[in-house]
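In structure tokens below, several structures.
Each of the next two complexes has chain A plus one more chain, namely chain B in the first and chain C in the second.
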Partner chain A sequence: MPNLTDHIVKSFDDQLKQLGTILVQMGTMVESQLQQAIEALISHNLKQAAQIVDQDHQIDVLDQNVSQLAVKILALRQPMAQDLREVVSSLKISSDLERMGDYAANVAKRIPALPEIITNKQIISGLSRMGKAVQQIVKNVLDSYINKNTDRALQAWRQDEEVDALYTSIFRELLTYMMEDIRTIGGCIHLLFIAKNIERIGDHATNIAETVYFMVHGSHIQGERPKSDHTISNAYSNPTTKEKLT
Partner chain B sequence: MPNLTDHIVKSFDDQLKQLGTILVQMGTMVESQLQQAIEALISHNLKQAAQIVDQDHQIDVLDQNVSQLAVKILALRQPMAQDLREVVSSLKISSDLERMGDYAANVAKRIPALPEIITNKQIISGLSRMGKAVQQIVKNVLDSYINKNTDRALQAWRQDEEVDALYTSIFRELLTYMMEDIRTIGGCIHLLFIAKNIERIGDHATNIAETVYFMVHGSHIQGERPKSDHTISNAYSNPTTKEKLT
Partner chain C sequence: MSSTAKISVRQLQVYYGSKQALKNVSLEILPMQVTALIGPSGCGKSTFLRCLNRMNDVIESCRIHGEILLDGQNIYNSDIDVVTLRAKVGMVFQKPNPFPKSIYENVAYAPKLHGLANKRDDLDQIVMTSLEKAGLLAEVKDRLKDPALSLSGGQQQRLCIARAIAINPDVILMDEPCSALDPIATAKVEELIDELRVNFTIVIVTHSMQQAARVSQKTAFFHLGELIETGPTEDIFTKPQDQRTQGYITGRFG
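Coming up: the complex of A and B.
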């Protein structure tokens, strides 16, 4: 006959696992939403874009599920030490993933506002490169979360520098196009916000990397994240200082 | 002689109060940072802008204090029902306030990138009006949090519509200026991001209003937040539907 303590412990582990499962499901959906948004952008596929916008709701629902389950675990199980860190971290990760989903949906939302045929292949291929780099980071932080692998988390955290550099170069290119042909200004501004949205998905992914590190070690990553966004003034800060998510 | 139960209860209340005090301190700082950022923008005061960027760190530290205290309360006190909602809500509110601080600092960071004398008084006065409207919302959500007044929270939640409308009109005006004089494109893009940052501070304030409502009632606000940002396609959504924070 199973004893009661075993049962309680097992059930607690089950609940923690369930929390992890929902987070992985959310992460996978965010990855897919981002990938589809890039595809829809390249092919100017308005139907696909509309689907992405619709699907965002599913991520929001999962975020609410995480909150409810986490609060339930806190109330009924009163976890301690690493278990407590894991539950509190899941709230943070879920809220980052929810925002990442919003950004992917915002990319999709802007697609119909772009000129039907985007003739400037160079900008689109730059955005696509940036999207792929961010997808890789998202994949890495998800792996680091699933395997509690902080080396992988640190790797993802550092990869974001490449994304910032790509963003800076897209920003400059768009500025040039707008000046060369004022008829492109409206479209270019939407492309600028699309680039910013993708960059922010990367920023939130590095937040998750930091949370995974904290969840495993109980301490924060030392040092500042390398940063290469030079589109705004660095007068106040060393260029290697992390620009906070804004 | 005080009995032990009283002592424990009092000490728990003290910890909850302390959590509230830190949040109010954060909120007051965010309000002040936003106000200063608008002032620095109007007067092109680079020294003040640099101070705002420096001060943001203090808000980040308070956010970490909230997280640590909340986790401590969860671990040691195992609060139930409304107390538990209050602790979990404080984590959410703190993270919103931290982001609002980031946005205010990002407004300040962009000031040196603007032309020294911003000749276009109309845009600046539009931004200033938007800043004041957002300040009012922030004030209202702070009041609603302090007094657990959900009427005030709902009022703040609805006020954000005005901010979105101001943002839309600034967006359109900036577009016109860029087309009229390509030399203004660089500056106008920074002003566009400044407007977006201020709008986002308002969005996060409405998040806090939602959290206060949930904290008090244990249920979510019914209905969608009214939304008037028409700068991006509404093809997929009714214009009154809330556009998610992006």
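Coming up: the complex of A and C.
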């Protein structure tokens, strides 16, 4: 985005800045919630898990603050062009962040339900790898938002393919465990949901990358996002169906 | 492109004495559309508007170069009759300026002058239709003999619009038609502009960017005598290309 001078009306600048500050605060909290959720998962730390669940409402409150402030700016300032895009984008980014927070809390919520036997499996390290990859994407999109850097946004947008691939391999691994030992099914299903939740955090992060791109350029990213989630086609044994779905 | 344009302005340069008010402005004004001209004071937008029906002719020091084609014909050609031109390209001003006559007389004046009605009945018809089109008929039909100046500001402005459309022009120029009106009267005029664009080509100068955004399909941004950027109104207000346009419409000029 071109560097423009400040608004003639200074309080307008203050309000836009405030909007950005809340979003960054939300982003930082989501990042931390995700990181803690992965940590709690690896160490099976129930106390930490409970804390994460507790903290989620703080993100919800910030989401409401963003909505309120954005509506106020729209009503009182009637922003145009990049200002308008910034305000509208803040609403979308805030919903995405709020949702990402929910998913992180949901990961934490499932940790107590995991039996000890499962948490020892190497599957946890796969999940941890996926978690790290998603954290990197989240970090990149937040940076791209703060610096209005669309190269960073595009980078994050493409990184999600890796997460999809990791999710696919985790899906397959869990499937194998469940077939090997039916006693693990309950735990494995929780792990599958955890994997899915983390994967969804990545998806919402790519939404934010798209929004940042729109906010800066006023147009949308061209082309399809590369995807490597092949779990859907995996679920079918019929090869013709598989072809259609991929 | 120029074949479909109602008015084609080509490399228009306007000088007031030694001061250049418009620098090489080219713009296509499409038929049955509202084109909004925006820009800070002194940017040349009103000068541009006034060139379109040669209102600048009356200013002694004003010199004009370039071409303005109305339906393909240069309106600055020596064989153009300015009175006929202004009948084709009507104008509505910032402050409502009805004649100090009755409501009826205000609307009937130009059709009488141009000999558009032979009989009283025809003239009545023109007055009624024009008032109707201007959305004023219901409010004034029982008081057509009343002085026009007894109307409210908003009604006076709509009367001026009725007066402009009474001789069935092709183009209506509006120079900040709502800046002296309250929000309700403004909304009525804006609604009227929206209805009129079915039959007329409208060019409007406005200081209110929200108004330009609301009523126009095409927007042109002027700055320091130059046409900086023009395009579909939606694009100008959501993703302007030029930094100066961006700065102006987001309130960062200064």
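A few points about this structure:
One rule holds in what follows: the second predicted complex is superposed on the first by the 220 of 246 C-alpha atoms of A that agree within 3 Å, B and C clash if a C-alpha of one lies under 4 Å from a C-alpha of the other, contacts with A are read in each partner's own complex, and residues count from 1 in each chain.
The rule we apply is simple: a residue touches a chain if its C-beta (ideal position, glycine included) is under 8 Å from a C-beta of that chain, and two chains touch if they have at least 3 such contacts.
Everything numeric here is computed off the predicted structure, so don't read it as measured data.
By the touch criterion defined above, A:F12 reaches chain C but does not reach chain B.
In the superposition on chain A, contact of A:Q78 is made with both chain B and chain C. Once chain A of one complex is fitted onto chain A of the other, the partner contacts of A:D54 are limited to chain B, with no touch recorded for chain C.
Comparing chain B with chain C, the partner in contact with more residues of chain A is B. When the two complexes are overlaid on their common chain A, residue A:P115 makes contact with neither chain B nor chain C. Of the two partner chains, chain C is the only one that A:S219 touches; chain B does not reach it. Across the two superposed structures, the residue set of chain A contacted by chain B and also by chain C is 78, 80, 84-85. On chain C, the positions that touch chain A within their shared complex are 209-210, 213, 237-240, 243, 245-247, 249-254. Across the interface of their complex, chain A is touched by residues 46, 49-50, 53-54, 56, 60, 67, 70-71, 74-75, 78, 80, 84-85, 88, 91-92, 95, 99, 102-103, 105-106, 109-113, 175, 178-179, 182, 185-186, 189-190, 192-193, 196-197, 232-233, 235-237, 243-246 of chain B. Partner chain C is touched in their complex by these residues of chain A: 2, 4-9, 12, 78-85, 217-219.
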